[in-house]
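Consider the two complexes below, in which chain A is the common component and chain B and chain C are the respective partners.
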Partner chain A sequence: MSALIAILFYLATLLFVVGLLQRIRTYAATPAPLKIPTTPAPTTTSGVVLRMTREVVFFESLFKANLWIWSMGWLFHASMALVVLRHLRYFTDPVWGWVAAIQPFGMYAGLTMLAGLCGLWARRLIVERIRYISTPSDHLILLLLIGIAASGLTMKFVAHTDVIAVKNFFQGWMAFSFQPLPSDTVLVLHLLSVVALLVIFPISKLLHAPGVFFSPTRNQTDNPREQRHLSAWAAKLESEK
Partner chain B sequence: MAEITAPAYRVIPIIPALKPGAMEGKGPFVASEKINEAIGFPGQLVEDWHDKAIARFGELLQKYRSLRVYMDACVHCGACTDKCHYFIGSQDPKNMPVARQDLMRSVYRRYFTLPGKLFPKLVGARDLTREVLDEWYNYYNQCSECRRCSVFCPYGIDTAEVTMAAREILDSIGYGQKYSNEIIGKVHKIGNNLGLPGPALEDTLEGLEEDVKDATGIDVKFPIDVKGAEVLLITPSADFFAEPHIDSLIGYAKVFHATGTSWTLSSIASEAGNFGMFIGNYEQLRKIALRIREAALELGVKRIVVGECGHAWRVAYSFWNTLNGVGDGAGEVDKFAQMLQKQLDHRYKQPTHICEFTWDHIQQGNLRFNKSLNDKHVITFHDSCNVARGSRMGDLPGGQFEIPRNIIRSVANNFVEMREGTTHEQTFCCGGGGGLLTDDLIDIRVKGALPRMEALHQVQQEHGVNFMATICAICKAQFTKVLPIYGFDRKVVGGVHQLVSNAIILGDQ
Partner chain C sequence: MRLLRNLFVVLGMLVLCGQAAQAAESMPKIDIGKGGQCVRDPQWMRKNHMHLLIHQRDETLRKGIRDDQISLKNCIECHASTKDDSVIARDDSFCVACHKYEAVKIDCFECHSGIRKSAWLKNQREGK
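== the complex of A and B ==
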C-alpha cells in the first residue's frame, strides 16, 4: 500500500507539474494583440502589480460583485493557503521557523476552510442562477475539497494518525526511498483525494489560479496612447503592405 | 412584429428570477450573400461549417490570450450572473454573462480539452451541432460587448472578448449579422456608416453654417478636406444629420471657433465608428482604422480629435496606436508608425477626445459661458460603456468620468448623479451597443434598457431630471428610440457638447 501511494504521488506530481507548466507556457506564448484593460486601470507597471495583488490576495472584483460569494470564497482560499503552508512541516526537516509558528492557526484554518467550502456549495445548490450554470464537475470539485478537508480534520480531531510516520514517509518519498505509511483508512482517503486534486488541476477550472495572472483585462497597463503595442502576428499585416 | 412594450420597473432592483427560453429565437437578420461577399466573408453558411468553425476557433485561441485564458479560467462562481442588463431586462438565463460564455466554453471543452473529449457530460461539453450554432447566433447577438461583467469577475473575464470571437467564427463560415456587415461595407465603399456621399456631406455642412449664422449671427465654419489644418476631427457620421447628434457637432464647431483652432473634417474618414470591433474581426478593425491614418497623412494635420462616440473612442484611445499609428511612443525602427507620429504634435495627447479638448480650454480660461442658458435643464450624465470601461481621458485613471462631468458643471447649473452602481465603471449599457442598434433587435434593445431607465426614472422623480447627457452616438440613437417606450420624452437625451453649444459665448456678446 505504501509503495502504491508513493508511486501514485510521483505520477500525480509529474502530471501536475508538467501539465501546469505546459499550460502556463501556452498562456504566456499566446499574444494579446490589443490593449484591453478594464478601465479605470493603472497607468504604470507598479500600479498593475498592485492591482493584481489586490485581486489575488483580497479578491477585489469579487468583493464589488457579491459579498456572499466573496466572504465564503475568501474564507475558503485564505484558510486553504494557511493549511497548505502548515503542511510544509511534512516536507521540511528541520521544520522552518515560520512554518512552526503558523501551526496553531492552521488547525482552525482547517475548520474555516470546510465552512467556506460548505457555504459555496450551499450557494451552488440553493441559488437558482448558480444552480443553472453549474456542471457536475463544479459539484464534484467542491466535494473533493470537502473530502480532503473533512478527512484531514478527522485525523486531527477524531481518529489520530501517526504524523511522525507520515513525515518519515514523505521525507523518504522526496529522497526516492520507500518508508512505511500508517495504514489508517482516513489517511489513505486524504492522500488519494490529494492525488486526484493534483491530477485534475491542470485540466480543469482550477486553472483559474495561474489564469488570473494572465488575464489581459487585469494585467495590462493603461498606456495605449503613450506606447505603441503590437503583437507579432499583427505586425506581419503591416509588413505586407 | 408584435408591439414592443417596456418591461415593468422592478420595485427595488432585485435580481430577477430565471425565465428559461425567454429570448430564444432566430436572432437578427442574417447578412445576405451580397453583403458578406462585399467584405470578404463567405456569402452564406458554408457546407463544411462544422470543421471550418472548429478550425477558426482553434486559430483564435492561438491569436488571443484573452480567449485562451477566459475559456479555462471561469470557476462558475456566479458573481457575474446578475450584472448584464440584457439578463436583468429579459430574465433569460442564457443572457447571464457566464452562461453566454458557456455557449462557447462547452464547445471549447468538447474539442480542445481532455476531460471534455472523454467525459463531455461531466464537464458540460457539447458537440457543435446546428442547434448550438444557431444558439450562438441568437445569443451572441444579444450582447452589446459593454464589459460590465468584466468589472465584477474575479479574473476579469470579459464576455465581450468571447462574443467577438463567436461573431468572428460565425462570419468566417458565412453566418454573419446583416446590420453590422452592411455598415462595414458602406464604410469601405462610401466612407461612413450612414452611406452619406461626399457631396451630400458638403451640402449638409454648408446648411449647418447657415443655421448657426441665423441663430447666432456668427460665421462658425464647418470645414472639410482642408489641407494644413491643425486639427482633424473624426466624428460619428450620425453627428452630420441625426437628432440630437447634430447639436453636439455644432457644439464642437463653436468650441473650435471660440478657441481660434483651425480644423477640418475629412471626406475619406467621415466616420469615427468602427464596427470591425463589434464583429471581432481584426482585419476589418484595422482596415477601417487605416482610413484615419490616410486622411491624417494626406491633410498634414497636427492633432486628431475624436467626437462624441463611445465605441469609437475605445477604438481610438485603446487601439489606434496599434492599428494605424495615431499615438506616441513608436520604436525607432517602426517606420509605419513613425511616419505618422513624426507629423503629429506630441505636446497634445494623440488622439484627443473632444471633451479633453474642450476641458483643456475651459481650464485655460479660453472659453466663456452663460450657464443660465441651460437653466431649463436638470441634467444627469449617462456614462457610455466603451468610454467608461474601455478607455480613459486626461492623465489620471477615471478621467473619463470626471472630464465630461466637469464640462457639464462648467456650462450648466443643475447637475445630479444617478444612483450609485449605475454610473462610472458600473454604468449600465443603453441597450443598443455592440452592433445591436437595429430594428430587428428592438425587443432585446428595449429590455436591455431597463436598468438605465429605472435609474433615470428615479432621478426624474426625485430631482426633476429632464436631460440625460451622454457622449456616444449609439446611446443617443438608442435612447431616442426607447425613451418614449418607457414613457419619457425622446428629447431627454442629448450630447455634452449640445449643452456646451447652448451656453458658449461667441464673439463679444
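== the complex of A and C ==
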C-alpha cells in the first residue's frame, strides 16, 4: 500500500508539473491581438505589476463584482495558502523557522478553509441561477477539496495518525526510497484525494491559478497612443500588403 | 503526443536524480531513557499521548485527582535520559526529538520541570 501511494504520487506530481508547464506555454503563446485593459488601467509596467499583485493577493475584481462570493472565495484561498505552507513541515528537515512559526495559524486555517468551501458549494446548490449553470465538474471539484480539508481536519481533531511515520514516508519519497506509511483509512483517503487533485489540476478550471496572469484585461498597460499594439501575426499581414 | 514526450523526458530526469539520491530513512533518533512497559500500547501513545497529558492536567488541576499511573512525572521517570536525567535537554531527548522533527511546540515545560525527580532532588541538595 505504501509503495502504491508513493508511485501514485510520483505519477501525479509528474502529470501536474509537466501538464502545468505545457498549459503555461500554450497560454504564453496565445496571441492577444487587441489592446483591451479594463479601464481605469495603469499606464506603466510597474503599475500593471501592482494591479496584478492586488488581483492575485486580494482578488480585487471579484471584490468589486460580488462581495459574497469574494468573502467565501478569498477566505478559502487564503486559508488554503496557509494550510499548504503548514504542510511544508513534512517536506523539510530540519523544519524551516517560519514554517514552524505558522503551524498554529495553519491549524485554524484548516477550519476556515472548510467553511469557505462549504459556503461556495452552498452557493452552487442554493442560488437557483448558479445551480442552473453549474456543471458536474464544478460540484465535484468543490467536493474533492471539501474531502481533502475534512479528512485533514479529522486527523487533526478526531482520529490522529502517526505523523512521524508520515513525515518519514515523504522524506523517503523525496529521496526515491519507499518508507512505510501508517495504514489509517483517513490518511489514505486524504492522500488519494490529493493525488486526484494533482492529476485534474492541469485539465480543469483549477487552471485559473496560472491563467489569471495571462488575462489581457488585467495584464496590459493602458498606453495605446504612446505605443502601437501590434501582435506578431498582424505585423506580418501588414508587411505583406 | 507532446504530453507523452514531455512526460518521458521528465521521467528520465527523475530516474537520473533517483540514482544520485541517497536512500534515506529520516526517523528522528530518540533517547528513550530507561523505557520499559508503557501505560498504553506504544503505537497508541505515538498518536494520542497528548490527550492523556491534557486529560490528566484537567483532572489534577481542577478536581485534585492524582492518578498513580498516568502522570507527567511518571512519563519523565521512565523516559528522561540516563545521561542527563532530562526529557528536553538535548535535540535527541525523548520529547524534543519528535516534536522538533514535526515542528510541534511543547507547552508542558514552560511550567513543569523536565528533569527526573530523583535528579532534581539531588540537584537541590547540592545547591545547583
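Going forward, the second predicted complex is superposed on the first by the 241 of 241 C-alpha atoms of A that agree within 3 Å, B and C clash if a C-alpha of one lies under 4 Å from a C-alpha of the other, contacts with A are read in each partner's own complex, and residues count from 1 in each chain.
The definition used in the following text is that a residue touches a chain if its C-beta (ideal position, glycine included) is under 8 Å from a C-beta of that chain, and two chains touch if they have at least 3 such contacts.
What you are looking at is a predicted structure, and each value in this text was computed from that prediction instead of being measured.
With chain A as the common reference, chain B sits beside chain C without any clash. Contacts of A:H160 after superposition: chain C is touched, whereas chain B is not reached. In the superposed pair of complexes, A:Y10 makes contact with chain C only, with no contact to chain B. In the superposed model, A:P224 lies in contact with chain B only, and not with chain C. When the shared chain is aligned, chain B comes close enough to touch A:T135, but chain C does not. Look at A:T30: by the touch rule set out above, it reaches chain B but stays clear of chain C.
Annotation for chain A, partner touching more residues between chain B and chain C: B. In the superposition on chain A, A:S46 makes contact with neither chain B nor chain C.
Of note, the Cα-centre angle with chain A at its vertex and chain B and chain C at its ends comes out at 160 degrees, rounded to the nearest 10.
When the two structures are aligned on their common chain, the gap between the nearest CA atoms of chain B and chain C comes to 12 Å. In the complex of the two chains, the chain B residues touching chain A come out as 15, 17-18, 61-66, 68-70, 72-83, 93, 96, 98-99, 102, 113-115, 121-124, 147, 150-158, 161, 282-283, 286, 317-319, 321-322, 325, 327-331, 334, 336-337, 349-351, 388-392, 396-398, 400-401, 425.
Chain A contributes residues 10, 14-15, 17-19, 21-22, 89, 93-95, 99-100, 103-104, 160-164, 167-168, 171-172, 175-177, 179 to its touches with chain C in the complex.
Per the touch definition, chain C reaches chain A in the complex via residues 2-3, 6-7, 10-11, 14, 17-18, 21-28, 43, 46-48, 98, 100-105.
Against chain B, the residues of chain A that register as touching in their complex are 23, 26-27, 30-36, 38-43, 55, 59, 61-62, 64-66, 69, 73, 123-124, 127-130, 132-138, 140, 200, 203-205, 207-208, 211-212, 214-218, 222, 224-230, 233-234, 237-238.
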